[in-house]
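I have a structure I would like to understand better, so I am pasting it below and will then ask my questions one at a time.
For clarity, chains are labelled A, B, C, D, E, F, G, H, I and J in written order, and residue numbers in each chain start from 1.
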Amino acid sequence: MLFQVEMLVKVPAHLDPAEFDRLKAEEKARAEDLQRAGTWRHLWRHVGAYANTSIFDVASNEELHAILTGLPLFPFMDITVTALCRHPSSIHSDDR
Amino acid sequence: MLFQVEMLVKVPAHLDPAEFDRLKAEEKARAEDLQRAGTWRHLWRHVGAYANTSIFDVASNEELHAILTGLPLFPFMDITVTALCRHPSSIHSDDR
Amino acid sequence: MLFQVEMLVKVPAHLDPAEFDRLKAEEKARAEDLQRAGTWRHLWRHVGAYANTSIFDVASNEELHAILTGLPLFPFMDITVTALCRHPSSIHSDDR
Amino acid sequence: MLFQVEMLVKVPAHLDPAEFDRLKAEEKARAEDLQRAGTWRHLWRHVGAYANTSIFDVASNEELHAILTGLPLFPFMDITVTALCRHPSSIHSDDR
Amino acid sequence: MLFQVEMLVKVPAHLDPAEFDRLKAEEKARAEDLQRAGTWRHLWRHVGAYANTSIFDVASNEELHAILTGLPLFPFMDITVTALCRHPSSIHSDDR
Amino acid sequence: MLFQVEMLVKVPAHLDPAEFDRLKAEEKARAEDLQRAGTWRHLWRHVGAYANTSIFDVASNEELHAILTGLPLFPFMDITVTALCRHPSSIHSDDR
Amino acid sequence: MLFQVEMLVKVPAHLDPAEFDRLKAEEKARAEDLQRAGTWRHLWRHVGAYANTSIFDVASNEELHAILTGLPLFPFMDITVTALCRHPSSIHSDDR
Amino acid sequence: MLFQVEMLVKVPAHLDPAEFDRLKAEEKARAEDLQRAGTWRHLWRHVGAYANTSIFDVASNEELHAILTGLPLFPFMDITVTALCRHPSSIHSDDR
Amino acid sequence: MLFQVEMLVKVPAHLDPAEFDRLKAEEKARAEDLQRAGTWRHLWRHVGAYANTSIFDVASNEELHAILTGLPLFPFMDITVTALCRHPSSIHSDDR
Amino acid sequence: MLFQVEMLVKVPAHLDPAEFDRLKAEEKARAEDLQRAGTWRHLWRHVGAYANTSIFDVASNEELHAILTGLPLFPFMDITVTALCRHPSSIHSDDR
């Protein structure tokens, strides 16, 4: 089941740079794991912004919630979730 | 070069149903052609809306403009374009 | 899997009253069927508006999309979809 | 009398983590009490957000105000209140 | 139980002037009846607009919904409802 | 001359609680004085918010500005002012 | 007593050009009369828009409402009203 | 050449009161100088807000930019600029 | 003196296609004349929209207003005007 | 390939003035280099704001992203990116 998730990261001014670097490294590792598992299908950067558009393939709303709130940078993110489904004009039975 | 395009179709009340069906059939054919060509990489429906999120892979802004304004339903669409690029945490060199 | 759906009905001025009555009767019948099936769990009217908040229990995004776009009044609705999941403070294992 | 209440929690950066944990535990206890009393009928988490949709069943506006402003996390919440009533297409005389 | 209701009337261009005059006369009669009954406590015009702020005193959400949707001009109104309660600094036990 | 004023109080995180209590007590005393004087005609709390809707009866814009900016909590308020006048359907010559 | 009024004129597509010309001529005559009377103190066009910023000097909210709703183009205007008062840094006792 | 400028002052919580008083005094002196020079034609306070509407008469965009960014309170202001021109219904050849 | 002007064209459904073609041809001719005169310095299309960003170089606000309201498609445009001036980091004394 | 980029700089209150001066000097040097290289084609200040409109000429979305996120003031900017292309009414084959 596919969801489009847009994440905008707002780095608070008070955040310690070393702590922020640590969080970003953890975030990157988590994102790579979830991509390898096929859960985080796509991940694109927005030009000129600390933001991304992602496509998640999950078994349930609960799984998506657990993934998103478990991201190391979650406390600093504005997140928008859009439920997706197959488009009748798509030529792919399972759009990857 | 990737662009996220969100299209919301607003069908005007005055539109003749037969004409609308013809336009939709043309739109579907055009979308399938562009998907086969690799230009329209992804096409997903928004749940509960006459709307989609699409990912286009084009050589230039001009190409994207020509494609979008050439869509049969273009006159009835609200379109949002977001320039994308590779995300540093993506595990794909060319995210498809 | 639960989704909150808010529907705002905008009746176009040109709509024939008899046709509108027919659509409303069909909408009501469809809503009652889906409630009996347990798919449309809750349905509340917003005070002072031709709008409702609904809770749907579906197996997939596709099922929800098929239901919403199949509603007789769908062409006249502004629809907002919010994916829900169990709240950690809920005392119900399956909040009905 | 039913009200839909949406709560978005914004945790201030300066909040002491231990204090925040204490507030969350109190909030959870309060939410469970009010659910057991039948006042807080439904409580669902929004996917990907520190937010919920709740349905309250109260005897008056005053009762709802007292409940909401008495929540331990109230100072950190953006709250939206929508008055609800029975929907003519609901098959339940008292939608629970 | 008090509610603040703001009504903005949008007169459609196609509305027959005689029909509109009839609806306005009915609206005025209804408003006067409800004021005499004490239900429609206050009614003020917004300067420079076809809009009003009203305070309703009703026994339930259902009663308010029935009143608002029964207004002759309801189909042409944008309505905002805000639930009110006694203010701790009010010197009136029942602010009229 | 009547004005609708909506005040939303945003308590800054850094505010000393004792200082805030002192300001609230002063605000309450001021509000009571102005109500007794007939200037602050109505004062209602918004359900679920640190906000109110007020109706002021003043001789001039200047008087209203002096009152609002003189409120002890003014520095922490978002204020919206709407000029009101008698509604042609009001049954009161001077709506109190 | 001064009010800033911003008027945006939206000409409906169905309006008969001759009727519109007649309304504009009446609007102009009314505006000139009110300027000569000192009530409509200032009247400026927004560059690139069918809109203006006006300053009115009236004895009461009622007077302003009567003027604005009596304008021949009122049915086609979006109007914003802002109550003004003397600025403490103004060097004019009665800013004209 | 006339411009409408609306300034909303947002005083940061951290600002030293003595420093803020000094800035306000400088701002007042600057505003008075520019009014005497005929550049700052009008200056009105918004009722209930730390905001003003101003009319500037400048020879160029550059002059206006230099004035606005040179105001002592500029760092704390949200500023909206609207280019104005003579209104065809104005009875003044040079509206002052 | 430079202004950024963004124009969004909204073609009304009722517009006769031949009339629309005539207006577009006139618009194009006018735009080319103004570009040759150096008044309309830049003209770019927004990708995926019937919209443009333009830079105008005019002697006064009046001149810009006359140009914009004289465009054949003006009645169908939403226009946003932003006053520009030289940027201190620009390496061009007169950025064309 | 052209992009319109609008940058609004928000200087955080906590920023050390010397550090901010250093960042601004670096930003200016970078902007001048990119203008000399022909990448940053245009750069205009918005009147009355710490904001600019820029036109970039880049070979790809990636290049634009690298440029924008590499700007010394990037962490303090709100950035809006609009993809542009040649306008059919432009008289320039490569609008500079």
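Note that in this section a residue touches a chain if its C-beta (ideal position, glycine included) is under 8 Å from a C-beta of that chain, and two chains touch if they have at least 3 such contacts.
Small disclaimer: the values here were computed from a predicted structure and weren't measured.
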According to the touch definition, list the chains common to the neighbour sets of chain C and chain G. E
Comparison of A-J and G-H (more C-beta pairs in contact): G-H
Select the interface copy of C-E from among G-H, A-B or E-G: the correct pair shares over half of its contact pairs, counted by residue number. E-G
So the centre of each chain is just the mean of its C-alpha atoms; given that, what is the distance between chain B and chain D in Å? 40
Indicate the whole-number Å distance between the mean C-alpha point of chain B and the mean C-alpha point of chain J. 28
So, in whole Å, the Cα centroid of chain E is separated from that of chain F by 22
Two or more other chains touching the same residue: where does that happen in chain E? 2-3, 45, 47-48, 61, 64-65, 81-86
Got a list of which chains touch which? A-B, A-C, A-D, A-J, B-C, B-I, B-J, C-D, C-E, D-E, D-F, E-F, E-G, F-G, F-H, G-H, G-I, H-I, H-J, I-J
Per the contact definition, I'd like the list of chain E residues that touch chain C in the complex. 3, 5, 12, 14, 61, 64-65, 68-69, 75, 79, 81
For the complex, which residues does chain C have touching chain E? 11, 13, 45, 47-50
Would you mind writing out the residues of chain B in touch with chain J in their complex? 1-3, 60-62, 64-65, 81-86
For a test of understanding, state which residues of chain G touch chain H in their complex under the given definition. 2, 4, 27-28, 31-32, 35-36, 42-48, 52-53, 55, 82-92, 95-96
